[in-house]
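Got some structures for you, see below.
Two complexes are shown next, each including chain A; its partner changes from chain B in the first to chain C in the second.
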Partner chain A sequence: MYAIEIQNMKMAFGRFEALKDINLQVSKGEFVTLLGPSGCGKTTLLKALSGFLTPTAGDIFMGGETVTALPPESRDTALCFQSYALFPHLTVKENLDFGLRQKKVPLAERVQRVDRVSEQLELGAQLDKLPNQLSGGQQQRVALGRALVMQPAVILFDEPLSNLDAKLRDSVRIEIRRIQRENNLTAIYVTHDQAEALSMSDRVVVLNGGRVEQVAAPKEIYNNPATSFVADFIGSANIMDAEVVGESSPGQWRLNTPLGELVSESKSRPKGKNIKVCWRPEEAKIHGTGLNTVSSPIRDVSFQGAYSDLFLTTNGCEIRLQAREFGLKEGDVIDYSIPPEHLIMLEAN
Partner chain B sequence: MDWRKSAQVVLLLLPGLGLILAMIGSVLYIAVAQSFGYYNLTGESGFSVEFWESMLDRKIYNRSWRYSLYIGFFSAIISVALAYPLAIWLRRPFAGSDVIGALLKAPLLVHGLVAAFLFINVVSYNGIFNQFMQGIGLWDGPRRLQNDQNGFGVLILQVWKQMPFALLIMIGSVQAISDDVLDAARDLGAGAFTRFRRIIAPLSLSAMQAALVIIFMGAVADFSFQVIAGPTNRQSLAQLMVFFKENGQWNDAAVVGVTLMVLALLCAGLLALTARIIVYGRIR
Partner chain C sequence: MSQAKLNKILLYSLVAVCALWLIIPFTMAILWSLVDPTKPWTADKLLPPVMSFYRWQYLWENSSLQQAMINSYTLAPTAAVLALVLATPTAFAFGRLSFPGKSVAQTLALLPLIVPGFVTAVFFTAFLFRLGFAHWRFGGIVLAHCVLFMPFAVRIMTVSFETVRQDHIDAARDLGASTCQRWKVAYLPALKPGVFASLLIVFIYSIEEFAVAFILGSPDFVTIPTLLFSQMGQDFVRPNAAVLSLILVVPNVFLMLGLEKLMRSANPALASGKG
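The block that comes next holds the complex of A and B.
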């Protein structure tokens, strides 16, 4: 039984389809991130899970029971708003206590749960303050605490860190993950920040234009993107068109590409005759030899500190490489090789 | 602020505020003085509590202030009670919400006297309301509705005129409450009434208090609706004051006038305070 199961869910606003046929299963205690560019439907999906939007089609199950028709106030979910949405006229303590009062939790337990959460989040000294007397980070923690104190079956986050500065973001990120693990909470976390998604999640759901592009663990998403959108959106990638020539030996696929004939190593078959392929700039071996070696002049060098970005144009194809060697300059002709296991075959063209 | 700054502020305010204070002050002074026997236009002047004494014993006076408080209180409460759901409904624009908003505010543009005449025409013994009720078979014969003993006619007119005003005052602060805050309350298990009681009401309390106080003050001192549509067996304080004045009883008129001012001020304050206590559950 899954903590959350979404079946063939669609969501339309008038003629516009914000979500197209979403299927997703989340296990209890799992931390799943919804990642995608702005406008891809992340908030819409979260609102469907929390009950603020009713799907146009499909079903949502939580703990094995359908919740599709339940209003937000009756769902065992708690949502952490991007804007925090603290009650401005209530003290921190009253904010934390609000939901427990609604759920008619006995007073003694309410006090105990508020105490515990405020201790976990180091809010003890702020309990009698109003939200506008708190810093951004403290407000964020109150919003988090207000959701945590409910001990919901599912906790939902809508870009909770986007209003914090970079330094605070890192510490709160770690804190959220720690509390989620400690309480074995099932969490859905929305972000448009790939670094956040990769570092926090058990699994990442990449959304694009209301469709799921890929669902996988962070490493898998990075190393084995399923589509060119995923490859491009997460990290940087060289994406090219390719024509499948044939299987030279089991799992070795010969491809015709703008860089010449290359070999890709893959257990699964290509998705068509004409496909897209990608590889990460850091996977290419500068001065490499042997299989998949390409020779090309350097068009541009950009120093990044730990490495340099090299920009090359090979047969009209823009290529980006990462070099740890800093002696290279514009106009130098270099050889680089792409290891076959890192040349990834994507969707059909 | 040092004394130079303070002096500067006082000097700057003096032309405007000074005039206002002088005018209000002199009116207040004359009224209070007259109620204690000074400035007697017909007999001899001098300090006396006889006007207060005799007035406090008069049935017409005691009925009058109770009636005025009744009209003031219910006009304010009903206007605000109707304005709230409308303000919440019109919180976010939707197709046609502009038109509805404009229609609701229309009474602000119609003079009260005109509305009052229209109203008594409609509810008169042979008016269209009576005809309608008989027409649909609910009533056997015409009923006497005009100048009803409970002052319902006045209340209807007051609410008709003042509800748009309450809406105007309150809609801004209801609109200022963010959707996320209301959604957060809902997400935490608050139903529609709890969201009103614990989020919307506290966050729009000041506007609600302002609406209550202003409407109460106006309705407590109502003259024109009362004269046209009010019950004939009791008078509002304003009506009573004018009645005494017409009879040349200036000191009695002053007693009623002072009563009206004091009651309006005290009860408006009480109303605002009660609203706060009900909403917050404490004085704070």
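The block that comes next holds the complex of A and C.
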């Protein structure tokens, strides 16, 4: 039984389809991130899970039971708002206690649960303060605590770190993950920040234009993107058109690309005759030889600290490479090779 | 001259001007109210030659002042509360909902403010007489004040409803709050200052209103302003008018200060924009 199961869900606002045919299963204790550019439907999906929006079609199940028609106040979910949405006239303690009071939890248990959460989040010293007396990071923790204290079946995060500065973001990120693991919570986390998604999640759902592009573990998403959108959105990638010439030996596909004939190693068959292929800038071997070697002049060099970005134009194709060698300069002609296992065949053109 | 010094000078001169603005009329009113009838206060004297509380005592005992005060101080709070109650649903619609023709409706709701008070009074009272309010003057005046001053309440409450944050409402719902609890935790704290402001404004306008109260109320239903005007009208007794205007204005000042304090304490956190 899944903690969350979404079946063929659609969401339309008038003639605009925000979500098109979403299917997703989330297991208990899993941390799943919804990742995509703004307008991709990730927040809409989160609102459908929390109950603020009712799907136009399809069903949502939680713990095996349908919740599609349940309003937010009757769902066993707790949402961490991007804006924190702390009640400004209530103290931290009253904020934490608010949900428990609504659910008519007995007083003794309320006190115990608030104590436990405030201890877990180190809010003990702030309990009698008003939210506006706290720093941004502390407010974020109160918002998290207010959701945690409910011990919900599913905890939902709506870009919770976007209002924090970079340093604080890292520590709160680690904290959220720790608490999620400790409490074995099922978590859905919305973000547009790929670093957040890759570092926190058990699985990442990449959304684009209301559709699921790929659902996979972070490493899989990065190393084996399913579509050119995923390849481009997460990290940087060189994406090219390619024509499949044939299978030279089992799992070795010969491709005609703007860089010449290249070989891609893949267990699965290409999705058509004309496809897109991609490879990561850091996977190419500078001064490589043998299979998939390309020779090209460097157009531009940009020093990044630990490495340099090299920009090349090969047969009208813009290529980006990462080099740990810092002697290269504009105009130098270099050879680089793309390992066949890192030349990934994507969708048909 | 440094910026800080200039600021300080400007601030002090502003305070001084404001103080004069208030102090001169108040002092004059107080002095006039203390003029003893035995010796008139002529223009050649800086202060009244003889001062006593004769005028205060006389008006208290010999005019309909007591009845006027009772009337005014029941009328104004009733009108204030009624206007607030009637304005709230409209303000909710203006502040929280979107519907076709909203901006037109908002303009229409403010329209009563631009018609001169006396014009409205003359014809609105005719309408009220027709409705049968000739026999219930208190009700007629309350209703009229409500209609006249409701635009202020609508405007103030609309702004208040706009400041209610949707994420607070959503958060309350998400945590399982009932409709009633949602109002209490998300709406009320944001509305409180608006409620106080709206009550205060309608109260002050109602207590000072003359035209409607005079046309509908005369001759037997007196309020402080109608009494004041009649004191000035018949034989223009300036000391008597001074007593009445002080009676009219002093409670307002205290009310204003008191409510100002309440409003400030209503929601310290909302004002900061955080949380």
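In the analysis below, the second predicted complex is superposed on the first by the 349 of 349 C-alpha atoms of A that agree within 3 Å, B and C clash if a C-alpha of one lies under 4 Å from a C-alpha of the other, contacts with A are read in each partner's own complex, and residues count from 1 in each chain.
Methods note: a contact is a pair of C-beta atoms (placed from the backbone, for glycine too) under 8 Å apart; a residue touches a chain by one contact, two chains touch by 3 or more.
None of the values given here were measured: they were computed from a predicted structure.
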- Task: Identify whether chain B and chain C fit side by side or clash on chain A in the overlaid structures.
- Result: clash
- Message: Quick check for you: in the superposed arrangement, does A:89 touch first (chain B), second (chain C), both or neither?
- Response: both
- Message: Between chain B and chain C, whom does A:72 touch in the aligned arrangement: first, second, both, or neither?
- Response: both
- Query: Can A:126 be said to touch chain B (first), chain C (second), both, or neither?
  - Reply: neither
- Query: Does the superposition put A:308 against chain B (first), chain C (second), both, or neither?
  - Reply: neither
- Message: A:139 in the overlay: touching chain B, chain C, both, or neither? Say first, second, both or neither.
- Response: second
- Which chain makes contact with more of the residues of chain A, chain B or else chain C? C
- Query: Is A:81 contacted by the first partner chain B, the second partner chain C, both or neither?
  - Reply: both
- Applying the touch criterion given at the start, work out whether A:201 contacts chain B, chain C, both or neither, answering first, second, both or neither. neither
- Of the listed stretches 45-53, 225-233 or 243-251, mark the one in chain C with C-alpha atoms clashing against chain B. 243-251
- Task: Share the list of chain A residues that count as touching for chain B in one structure and for chain C in the other.
- Result: 50-52, 71-74, 77-79, 81, 83, 85-89, 98-99, 102-103, 146, 150
- Note on the structure: Seen from chain B, its contact residues with chain A in the complex are 178, 180-181, 183-191, 194, 198-199, 202-203
- Quick one: in the complex, what on chain A touches chain C? 50-52, 71-74, 77-79, 81, 83-90, 98-99, 102-103, 130-132, 139, 146, 150
- Item | Residues of chain C that touch chain A when the two form their complex | 165, 167-168, 170-178, 181, 185-186, 189, 267-270, 272, 274-275
- Residue positions on chain A within touch of chain B in the complex are 50-52, 71-74, 77-79, 81, 83, 85-89, 98-99, 102-103, 146, 150
